[in-house]
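Dropping a structure here in structure tokens format, bear with me for questions.
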Amino acid sequence: MQQREEKQLESALDSIIQRVNDLKTSIAAMIYKVENEYETLNWPTFLDNFALLSGHLTSLSKILSHDKCPVLRNLTVLPLMLSPERDEQLAQLTEHRVTTFAHDLVPDYLRTKLEPLAENKMMQLEHKAATVAYENAQKQVAAYQKVVTHIWDIVSKAREEWDVESSARGNAQQHSSVSDTHLLVTAVGMGKGLKPVPNANGQPGQPAGSMMVAPQGRPGSASGQGQIPPATQTMTMNKAPSAIKTNIKSATQIHPYGR
Amino acid sequence: MHDGGKATRVIGIRSAEQVLTKNMTTPDSAKDSLTSALNSNIIPNREYLLQGSVVDQYVEVLLHRLRGLCDNVDDGAETFYDHEMCFSLCMNSSGNPLVFPLRVRRALDAQDAPYQLRYIGQQELGDKNRPTIVRSSIDVACSASIVEFLQELGCRLDFEYTARGYMFRKGRMKITVSKICKCGGGNKPGENIELISQSYLVELSVLAPSGYDAIAEDMRVFAEQLKPLVHLEKIDYKRL
Amino acid sequence: MERDVEQLHAALNAVKILRSNVGYVFESVSNGLRADHGEDGKDAKFVTELQVLLTTVNNNLRDVENAVSNLTSPPGAFNLGNTTYLSQETTQERQALYGQLVNSYKWTDKIREYSAVAGHILQTNSISKTYKTFSMTKRRKTQTSIHNVPPDVIENHISAIDRLFTDMTITTSRPFVLNPIIQVSLGRVLKAIIAFKGLMIEWVVIKAHAESNDIWTESRYRVFQKVTENSHAAMCHFYAPTMPELGVRSFMHWLHSYITLFSSPCKKCANHLHSNLPPTWRDLRTLEPYHEECK
Amino acid sequence: MGVTVLQQFPIVEQRTGPSTIELLTKRIVALGATQQGQFLVDCETYSSVPQLGAQKTVHVLHNSEQPATVFSILETGSKTIPLITDGLFDLLMMKMSNFYQSKKQTKVESKGPRFEIGDFSVKLGSVAVSQNFKGILVEVEYRPCIVPAMCWDLIREFLQGFLGSSVSSTPPPYLQNKMQEVYTPNDTIQQYLEHFTVYRKSHFKM
């Protein structure tokens, strides 16, 4: 039982050390970058480094809060021996940051409480909180909550609007319709849908005319395309190779109203 | 395509006194000067064209954008209201039907503007690399007797319509946004107006002498700026 | 006064010469020895050059002193009256007032001078056209009424004239607020552009219908140039300060007779043309057409 | 644009065209005119091809006085329709060559010196039908006036003073119907066309 716990502790400590080392190297890399590449360093890569750091921090805190991690709080570190002499092994371990394990350094390094300054500050705040009356505190909390919900509302509203706008921008079809374009272009170009009702005296050379007339009113795109006027057929058939040079000739050959 | 009477108000008759007074040489015959103009390729007889449409409720957005993009920023868009009549001269010569299309356009909102006679040739779509339709076009300002003239010449009125809308200018480019209406019976436009679509026709065109293909690229770039409101494209209406 | 100014100018001139010559001295000193002093005895040459220059400066200085001693010192400070306080004005937009004040003073001064000259000339050459025969009180009254007439009165007169002839149409514009410029179309013959000053006709130009409405360019057709000349004569003839309305009315009557400018022959020679012009003169009383040479 | 009267000038037997022009030039210069360049009025005639049915004729005229303008006159037999266009109409007529063909040998032109004297402008044109000299047309324009009725007498007096008794005392037939109307450049063209038609007929008679 104890052995298992010990093993667990060991592995947990190993992984923690690994994470901390990762964190350390990435901090070092960042410091190096700031110091040496400050001329070429751009904001996005700097932010990327931050993201890396925060990733490491999250994974570290994950390990610490993991189930299998033994409750470190319950363990104590006991300095067995203090000596004012230089300890080579320690120096190597700490990259020459800590050379002696002496009585003046140990309390700082093995401290489990907050830093004295921070501790002071915390004390002050707690004291202040304790003195505030309950009703007052309640009021403040309510006001604070109100502000937060209000901002939340604003943000979500704006988001909704953006969503609608971007979706509206997404379908461009709303602004123009292909069938309308075709309708207008053929109307202006060939008079489709614009021709008067064929005159009764029926000029010779206009037999196709009556068939060309589109249905009255606004012809839907389906009917407009479904009905292939005979003249269009002949036109596409006659659509001569581009070798035709004179405009008159080519125009006459493909003109739908010819005989 | 929308060269309304208003769009190109060229008054045909100009006094020659200033031109001629100091010129002691025999004036060239008009034919000669036309031939030389043709040879030196300065007659704008090619039209580069892109077409598209915009649904009625978005036309204001488009106009707003055009106002920003085009040259006439300060005075806003110029409006026009034109009546276009499309004639054709047909005959059968030894089995071959010959058709010669002619269009007459006049400004209904500016009665003193000259009429505009127009011949539009065959469209050339070209391959994918060519950004616009190109077609030959001859624009002639003329007097109001043109309608009777054409009718007596043997032309037949194929169809007619009115176009009412806005015109913009951007360098050499002309952008028209117009509502196309069918003319009611009779020769009185303005009565029995019948809309043919719930969209505005949008056209981007340039008249240039042949060989000015660089302008087509400019037009493509400009058309790109109007997306996705309007998709200006090469449309072969003869295939539709 | 005149002499003072002259002397002042002379003194200023002397100072200017002095300054420029002193400039030469400094220039030469700062340049030091130059190549054109040559090799031999260059120091001596330089020194002589300096001496010459300094002598000129000395002479100039003497001139300046002479000129200054000739000057009479101004008798105390100028009395600017209340305008002195203007210089103490602190608000930004009013600081320019002093300059404007000086300008307007200059103008009034000039006007005074010119009107004195004009008054002198007019005194020696009396003109019958003026209203000398009228009594003093009447003159005062009419004098104000011809130049300074309320716009609606002018408007009434113009529209009355407009109604006078059917083939004469009048359009009015007022580019200079009170004083209208009217454009008279006389049938299809010509148009006249007439500028008024109050009820007095100030300027007339006759043009073809196709020409611009600009009042200062004359017609490019000789016939209208001639008619313009004649109408200036008529304008002076019909000038009646005491009865301005009648003057304008008679001028319009006379102008209306040009409706037959091209169609009626000369009363005297019975021809249409004389030196390629139709009869451009209309008799002031009978309104009969004459060639300029036949009248 | 003032009122213009076009007048045929008879050529006396012993004179040639150029010498007659010279004579007239001397006369007008003696009157005090200065030469202001040359002028040219030409006319080309297109006829419809038989397939289009009843024969129609389009006369296309240019006047150097209005160099950017093309005047066309369509004759259908019953109607005469004038059309005024800008210069590119010629290009359109070329395109229409399948329907309307020009008869080359009927090209008529009148060209010669142009003078100004006072407000008159005078043009002495020698008329040629397909390069053959046919006669002389004198054009007199009185520029300040726009209504023929008002200045006909005046122009007639000028013409008689300059051309002598060959000038009739009645206005040209074309103008007689339009005496009270405002004169337009098209009226000048119509007068030229009338004269050209006469010359052309005489050309084909020979």
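What to note about this one:
Chains here go by letter, A, B, C and D, matching the order in which they are written, and residues are numbered from 1 within each.
Keep this in mind: a residue touches a chain if its C-beta (ideal position, glycine included) is under 8 Å from a C-beta of that chain, and two chains touch if they have at least 3 such contacts.
Just so it is clear, the model here is predicted, and its values are computed rather than measured.
Counted by C-beta pairs in contact, the busier of C-D and B-D is B-D. Ranking every chain by how far its Cα centroid lies from the centroid of subunit B, the top place goes to C. Nearest to the common centre of all protein CA atoms is the CA centroid of chain B.
Averaging C-alpha coordinates per chain places the centre of subunit A 82 Å away from that of subunit D. Here the spacing of subunit C and subunit D, counted between their Cα centres, is 50 Å.
In terms of their C-alpha centroids, the spacing between subunit B and subunit C amounts to 53 Å. Centres computed as Cα averages put subunit B at a distance of 34 Å from subunit D. Counting partners per residue, subunit A has 247-248 as the residues that reach two or more other chains. Across the assembly, subunit D contributes residues 1, 95, 98 that each touch 2 or more other chains.
On the side of subunit C, the complex with subunit D involves touching residues 188-190, 208-210, 221-224, 262-263, 265, 271-273, 275-278. Within the complex formed with subunit B, the subunit A residues making contact are 169, 172, 174-177, 180-191, 193-196, 203, 205, 218, 225, 232, 235-236, 239, 242, 244, 247-248, 250-252, 254-259.
Across the complex, subunit A is touched by residues 1, 51-55, 58, 61, 84, 86, 88, 90, 92, 96-101, 121-122, 124, 136, 156, 158-161, 163, 180, 182-183, 185, 195-199, 201, 227-231, 233, 235, 237-240 of subunit B. Across the complex, subunit D meets subunit C through its residues 1, 31-32, 117-120, 142-147, 149-151, 153-154, 157-158, 161, 182. Of all residues in subunit B, those touching subunit D in their complex are 10, 12-17, 19-27, 29-31, 34, 38, 43, 45, 89, 91-93, 98, 100, 117, 119, 138-143, 145-146, 148-149, 152-154.
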